[in-house]
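You will see subunit A twice below: alongside subunit B first, and alongside subunit C after that.
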Partner chain A sequence: MNRKNKEVFIKYLFLLFALVSIIVLGLIVFSLFREGMPLFATVPFRDFLFGLEWYPTYDPPSFGIFPLIVGSLIVTAIATLISVPLGVLAAVYISEIAPQRVKGILKSVIELLAGLPSVVLGFFGMVIVAPWLQETFDLPTGLNIINASVILAIMAIPTISSISEDALYAVPREFKEASYALGATKFETIAKVIVPAALSGISTAIMLGMARAIGETMVVLMVAGGAAAIPESLFDSVRPMPASIAAEMGETPYRSAHYQALFATGIVLFVLTLAFNLIADYVSHKFKQTGSATL
Partner chain B sequence: MNTNGMAGARLMRWRYLKQTIFFTLVRASALLIVLALGGILFHIFYHGLSAINWEFITRPPTHSMTKGGILPAILGTIYLTVGAVAVGLPLGIASAIYLTEYAKQGRVIRLIKVGINCLAGVPSVVFGLFGLGFFVIFLGFGSSILSGSLTLGFLILPTIIGAAEEALKSVPQTFREASLSLGVSKWQTIYRIVLPNALPGILTGSILGIGRAAGETAPIMFTAAAYFTAKLPGSVFDEVMALPYHIYVLATAGTNIEATRPIQFGTVLVLVAVVLGIDLVAIVIRGYMRRNKRW
Partner chain C sequence: MFKMIKKAALGLMLLSVTAGVSFAADSIVIKGSTTVLPVAQGTLEAFMKANPGIQMSLSGGGSGEGIKALIDKTTDIATSSREIKDKEIELAKSKGVNPVAHVVAFDAIIPVVHPKNKVTNLTVDQLSQIYQGNITNWKEVGGDDLKIVVISRDSSSGTFESWDHFVMKKAKVTPRAQMLASNGALVTAVSKNKYAIAYLGIGYVNKSVKPLQVNGITATLETAMSKAYPFSRELYMYTNGEPQGQTAKYIAFVKSAAGQKIVAREGFVPLGDGKKAGKKK
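Let's turn to the complex of A and B:
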């Protein structure tokens, strides 16, 4: 092999490695569908998605994952309501207001928070937060929507805050200087110039934070309580999709209808998070911050 | 004229009052995040430290896991993490080399990047299902260190690609030009010049992914983790105990959940120490490298 051919060969070899991520994505789809699709030979897709009863071990079983979907959406929504203001404001603080030293410390704190394993946060919610909630509000159980949402919010904050911070940081200096030159206060500059200019990045951050919350498993498995019913209050237990999969997969016989239903739930979860990620990707590319051309 | 002046002063005061309120909110958000991390760590250390002694980390569990240590779980986590790195690191570096050194901006690179982002967003429990459906069943590896390491390796792949890309990009273009102008081939330039200069950055960036592999639970639940194994694993086809799974099992399904609380807290503390220790090393080294940058 002469030198030119060798170089070309190496280039394509690396292309192959670069395609591994896409290949793995394909294999994920392949595995989920291979194990999950057979369910729909016996259970209609509509009944699966919109059925209100998840009784996988009854005779006859009932595989309706609507309560699980509702559980996932509700904890994600509340976690978003908590984590978005905290995460974005913390990002504003880090990038615009904090003195250099505090900035460094806060960035490390957020990075360590991101590094905490999910099972540790789930354990914290279960052993520390749940008993406290139960006593303070005199509830039948502390393992409920509000507890799971708060812990999920803690998990989503690092994602939201670090990506927002990058977006704020990328706003050109001239924008700020122009705003100050017009006599705007620092707050007015942040609220009317910097944040709007970074809005696409902040939206991406929020979408990715939500995707993280909706797919998070250990926290909802340990803290959400596990009741597969449509909740009526914030203190009710729910059984989000990841919790259902993780809790039941160990006990179900190989390739039973229940097993297939759990893989099918995995397909729904996968599609949902994929949608969030693709939207985030679209937003960040469509409204890309390109220096002074943004406004 | 005079009234105008007074109105103006009032307006100014109002504008600065808004700013003060906003700054207070922003600082409160940042403080709340610090307190969240502090509170979690405090509880873990406060309850966990008393459980930890030499026996605890060097002995296997005894009496149906209500007494004794967690040695098999510590070793299992080490095996799985090393395995995940052995899978994820070479693939991640190779992907990043293609993306930064070979690819031209265009459709292929855009497609690969979207793929990487989507892979990064796949929920951990879906990775678990993928590992079960593909490695455990389709390839027939069974529930084993091999299946678990492969699953975790692909889970951390996006993190490592991101870190490696960042590090490769930070190697100055002049290094490459100098080498190429001496008649050195592209591959040799990458291998001898770019990669050695980028390696410290790649490794520190990857450490964050490594910490994640050590702490994940859902991906190993169906692919590698054993509830209890009396003997230490002898081959890559053996099941292992692992710290995160051990915590989950003891906290939710142990023989005596309340009585084993100290062991649970102790295990949580060991896991947090391992994961945050790994992260902290990365953060410190990165800070040091930034201060002592040679170019």
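Let's turn to the complex of A and C:
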């Protein structure tokens, strides 16, 4: 092999490495659709998406995943409401206010939180949070929306916080200096200059945090309670989509309607996560800070 | 370039196909019901002690999971708390697998409530109405004025199917029911919830929950054996064809006196007594 061929060979080899993750993703998406789509030959798409009854193992079965979608969305929404203020404000504190030492400690603790296995958090929610919620508020069950949302929020905080912090850190020095030079206080500088300048990054962080929450399986399997009904209050149990797939996949005969329905649920989940990522991408371009040469 | 992608894709596929299929001759893989898990665990430990050098692995996942693994030939023994379904037999046959059943123990399914609950007895019909969501308050069945929180195993569980078989008779469990993923999760949930009702395999009932009588009959080892207690069932191990070699030895061990002692120790009903006391269907 002469030098030139070697060069070409290596170039393509590296291209292949770069393509591996794309190929894997492609194959996964392909099989997801291949296994899920045949369901719609027997169950109309509308009945699947908006049906209120999820009785996959009965005869005749009903495959309505609307309660599961509602469960996923509501748990994600509340988790977002909790994790966004906590995550973003923590990022602001770490990047703008905290002294160097505190900053180091906080950053590594938050990273540690990201490394906690979800089953540990789920167990925590099941054995500690659930009984506590139940006792304190005299609820019929502690395995409910609030519990699942709080645990998911804990999982989403590291994502939101660390990406937001990167965004805040990337705000050019001149912005701050200009703001202080105009006589603005530290609070005014943070609230009116730094955060708006980092808004695109922060929005991306939030979207990725939400994507993390909606796809999380173990936590919702363990603490959401698993009731496939549309909740009437925040203290009701729900059955988010990932929990349903994880709990039921074991029982489904290969390529039965139930099996296809679970894959189709996976497609819905995939589309939702994809949507969050696309929105994150769009937002980060749309609100990109302009007006400084360093950005 | 496309050739390369194709090759890579092929390689990946091959890798995923070959992984996990091969196991050595003197290793036994057991997979399936979480109800049978304590029995399998106990007997496996004793068997491995008696036969050093043998490799055994055990995992749960549910009866359906085990049978699926047997059909896919990724396990030697599938444990199950229910009989194999006709559909599963068909699928197995189509893949050249011939599932053979071995009854290894008896189990009883017991409705349980929080220890502070005043209710001590429910009829099968009351249980069915509660699980269908028609009875929603404990005062309707002689308890306090508290909402009933219905807890069930999820539908991949053999216990769920047995409950359907004994109590629900194909009626639908209310969508408001909590569906939890293991017997252990059920115990935790009920022991900490005074509103709750759930059902457990007899091996999982402990002091943290209160077992209920059914139709006035207390579930004990004796009543389960004699089938006087209405919710009694067999626990199975399935193999592909008649078991061979080490697998056969292991199953014989489970059925032996020593194995059945472990069955009793884990809180299930041993075989010999069951055969004496009641007839197998």
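Here, the second predicted complex is superposed on the first by the 285 of 295 C-alpha atoms of A that agree within 3 Å, B and C clash if a C-alpha of one lies under 4 Å from a C-alpha of the other, contacts with A are read in each partner's own complex, and residues count from 1 in each chain.
Keep this in mind: a residue touches a chain if its C-beta (ideal position, glycine included) is under 8 Å from a C-beta of that chain, and two chains touch if they have at least 3 such contacts.
Keep in mind it's a predicted model, so treat the numbers as computed, not measured.
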Message = Under the superposition described at the top, does placing subunit B and subunit C together on subunit A give a clash or a fit?
response = clash
Ask   = Given the touch rule stated above, what does A:126 touch, subunit B (first), subunit C (second), both, or neither?
value = both
Query = Touching A:35 in the superposition: subunit B (first), subunit C (second), both, neither?
reply = first
Message = According to the stated criteria, A:234 is in contact with first (subunit B), second (subunit C), both, or neither; which is it?
response = neither
Inquiry  = For A:182 in the superposed arrangement: first (subunit B), second (subunit C), both or neither?
reply    = neither
Message = According to the stated criteria, A:49 is in contact with first (subunit B), second (subunit C), both, or neither; which is it?
response = neither
Request  = For A:57, decide between first (touching subunit B), second (touching subunit C), both and neither.
outcome  = second
Task = In the overlay, answer first, second, both or neither for which of subunit B and subunit C A:113 touches.
result = first
Request  = Return first, second, both or neither, reflecting whether A:278 touches subunit B, subunit C, both chains, or no partner chain.
outcome  = first
Message = Taking the superposition on A as described, I'd like to know which of subunit B and subunit C A:15 touches: first, second, both or neither.
response = both
Inquiry  = In this superposition, which partner touches a larger number of subunit A residues, subunit B or subunit C?
reply    = B
Request  = Just name the clashing stretch of subunit B against subunit C, choosing from 7-15, 79-87 or 223-231.
outcome  = 223-231
Key: subunit B/subunit C common contact set on subunit A   = 15, 19-20, 24, 27, 126-127, 221-222, 246, 249-250
Remark   = Within the complex, subunit C is touched by subunit A residues 12, 15-16, 19-20, 23-24, 27, 53-59, 67, 126-127, 130-131, 134, 140-143, 221-222, 225-229, 236-237, 239, 246-254, 256
Remark   = Given the complex, residues on subunit C that touch subunit A span 1, 4-5, 8-9, 12, 61-65, 68, 71, 87-88, 91, 146-147, 149, 154-157, 170, 172, 174-181, 185, 188-189, 192-193, 195-196
Inquiry  = For the complex, give me every residue of subunit B touching subunit A.
reply    = 15-16, 18-19, 22-23, 25-27, 29-30, 32-34, 36-37, 40, 43-44, 91, 94-95, 97-99, 101-103, 108, 111-112, 114-130, 132-134, 137-138, 154, 157-158, 161, 185-187, 208, 211-212, 214-218, 221-222, 244-245, 247-248, 251-252, 261, 264-265, 268, 271-272, 275-276, 279-280, 283
Note = The residues of subunit A that touch subunit B in their complex are 3, 6-7, 10-11, 14-15, 17-22, 24-25, 27-28, 30-32, 34-35, 85-86, 89-90, 92-94, 97-98, 106, 108-113, 115-124, 126-128, 154, 157, 161, 185-188, 190-191, 208, 211-212, 214-218, 221-222, 242, 245-246, 249-250, 262-263, 266, 269-270, 273-274, 276-278, 280-281
